[in-house]
Amino acid sequence: MNNSIEISVKNLNLWFGKFQALKNVSIDIQKNQVTALIGPSGCGKSTFIKTLDRMNDLVDNVKTTGEVLYQGTNILDSDTDVVELRKQIGMVFQKPNPFPKSIFDNVAYGPRVHGVRKKQNLNEVVERSLKAAALWEEVKDRLNESALRLSGGQQQRLCIARLLAVEPEVLLMDEPASALDPIATSKIEDLIYELKKDYTIIIVTHNMQQAARVATNTAFFYLGELVEYASTIDLFERPRDKRTEDYVTGKFG
Amino acid sequence: MARTRYVRKLKELRQNVIDMGVLTVRSVEDVLTALEMSDTALAECVIANDDEINNFDRKIEAQCMTLLALEQPMAKDLRMIATSLKMITDLERIGDFVVDIAEEVVTMAKPIRIPVSATKFNELVADVKLMVADSIETYATGNVQQARSFEARDDRIDFLFKNIVESMVNALAQGKCSTETVADVASLLFIIRYLERIADHAVNIGNRVCYMEEGDRRYLK
Amino acid sequence: MEAKRRELVPLALLWGAGIATLVILIVILVYILANGLPVISWQFLTGEPALWGQTGGGIYSTIVATLAVTGISLLVAAPLSVGGAIYLNEYTKETPLRKVIRQAAEILAGIPSIIVGLFGFLFFVIYLAPITGGWSMISGGLTLAFMVLPISLRTSEEALKTVPTELREGSLGIGATRWQSITTVVLPTALPGIITGLILGVGRAVGETAAILLTAGGSLNLIQSLRDPGRPMTLNIYDVLTEYRDTTTAYGTAAVLIIAILAITLITDVLMNNYTKKLKGL
């Protein structure tokens, strides 16, 4: 792993009230690679990923210590421009959440919110983003239809297109395919593989095989700790920690 | 503990491989006894028993494929299955070489006379027999130390092999052999060649066991 | 079979309860409309009320008065309740303050209207007389606003709550500010619920009598400005019945009121349904 580092996390601790959800997590996320976070339910992987774009701010009673360094600054600082941060580091959620607007308006939402007004520019951005999300061909003739009429898999790709429209650097994906059928899942995985050329992608998944299929590096979380972080093949072929071994062989519990 | 059925299937696979190994070891021992005792009947027996080894090969391969397809094994489980798949090939090849030796024993004139120093020959035979048995033992016990010693032991076997060949060739050249003995020398040369190859396969098994236990690919060549 | 038969009794009772509601509504409607519809005519609606002491006449001034107080109450209550709901739901966390505000709204909703009217009388009619004009539409409208506010605050908050968090997360997740998310995603989605809540409030305002009694004045004259006293339709029914035993006008006014409320409710329903369908892309 001698690539350059996109995000560097140092000694991250997080509490929900009295409960410590993340314990001294340190990890370097490589640029332009797919990093998967795996682990059993409640191990902290979703909490971790939400820290990276400050989405945990929406929750009551959260305390964080440590550093998350991105582009030279610690994004956990209170004077960070969170709105700007979320433009750079965007998130896709488990359940597709298209806005109740047209397909076009969904993708154009981001650029519009950030000040793009001219129709021509918007058209370009929308087309470019939908193409990058492998959805253009399927929707180009019905951009004015409601986004809610798309299938689950299409909606998820729409959400990805919506994200790409604001030109982020990092894509965070919280179990992006878990609500989708196998074919839609494959399409998303193929898309992720294509996108990694231009973006750094971090994906949380409880499906180990998915992590095995798409990720270059994989991190195993357990009870709030980062137990092991290695190249995917190393983690699955020869894990170092017994907890990792027990988890990937399914012998937990 | 989760996945109890899966864990049981893994244990069954491992046991089957060990059983196949034990069978192979016995074949090796039997054929070398047949050679020592000039026992044609025993040699014929050994040839017939090769079917059993081949059956095991097929059965275990099917078991491995099923586990791979249906259980998505990972980490040590995955390495164990991969090792088993490759190892049964080595065992099956050892079985084939044993049959080759047995066939030589059948065709040789009785009693079998070795025209060169018996000590070196006996040492070679003993070393090979032991190494095959030890290779199965390392698989069963996971004793990586023991497996790592195979390289050195194989070097010794190679040395003995070359040595014996040289002696026999000299004996032939110097006309120290009678006409019956000459034919037998050819067979003996084949036999020790087979023994040397059997040893190589035992070393392979040892290396695979190291990979299975520790996950380091450098053991595999 | 035994289970099926046992199911029949509770089923029949429940059906009866449901039907009872419908029956009661129909009875009231039929009675009022049967007596009131014949009274309605163009002249009735646009004519001036009869002079003091006489029966008959139109209800034009009362219609205008109703519109005035209802309009004022809506104008005041709508932004306060929607704004308050947005503040409570979108900007604050679940602190004690929020619970207190909600509880206060609920208590306010439960205060008998005559008491709210009393407050309105003392505060708007007497104390703020220079501004409101004493007995006036403004006094009435503002008092009514107090009655509309808790209802629409509650329903607006509920409407906002039904907007799934994922939509907000999706919007914030691409770098929209909270306000942008609210105006472009949350509010449009919650709009049907909010509007319905406001209409409910309007319904209450239109039908309110006790508070109006103490603040609006009761004058039959057509209002020239909002600082003039007036007599909304509900007050008119009370007045003509108690003062003149003018059942005809009473029925007529009642019929007009009921038709108006029915119309508003049904139209709002249809409009909101269409809006929701369009939102969902159906």
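As written, the chain order gives the labels A, B and C, with residue 1 at the start of each chain.
By definition in this document, contacts are C-beta pairs under 8 Å (C-beta built on N, C-alpha and C of every residue); 3 or more make two chains touch, one makes a residue touch a chain.
In this text, all values refer to a predicted model and were calculated from it rather than measured experimentally.
In summary, no chain was found to touch both chain A and chain B. The chain with its Cα centroid farthest from the Cα centroid of chain A is B. Each chain gets a centre from its C-alpha atoms; the one nearest the centre of all protein C-alpha atoms is A. Separation between the centroids of chain A and chain B, computed from CA atoms only, is 52 Å. With centres defined as mean CA coordinates, chain C is found 47 Å away from chain A.
Centre-to-centre separation of chain B and chain C, using mean CA positions: 94 Å. Shared contact sites, meaning residues of chain C that touch two or more other chains, are absent. In chain B, there is no position where the chain touches two or more neighbouring chains simultaneously. Across the interface of their complex, chain A is touched by residues 1-3, 6-7, 72-79, 214-216 of chain B.
Listed in rising order, the residues of chain A touching chain C in the complex are 53, 55, 58, 60, 83-87, 90-93, 95, 97-100, 109-110, 113-114, 145-149, 159, 162-163, 165-166.
Taken together, the chain C residues at the contact with chain A in this complex read 93-94, 164, 166-177, 180, 184-185, 188-189, 278-282. The touching residues of chain A, when paired with chain B in their complex, are 208-209, 236-239, 244-245, 248-253.
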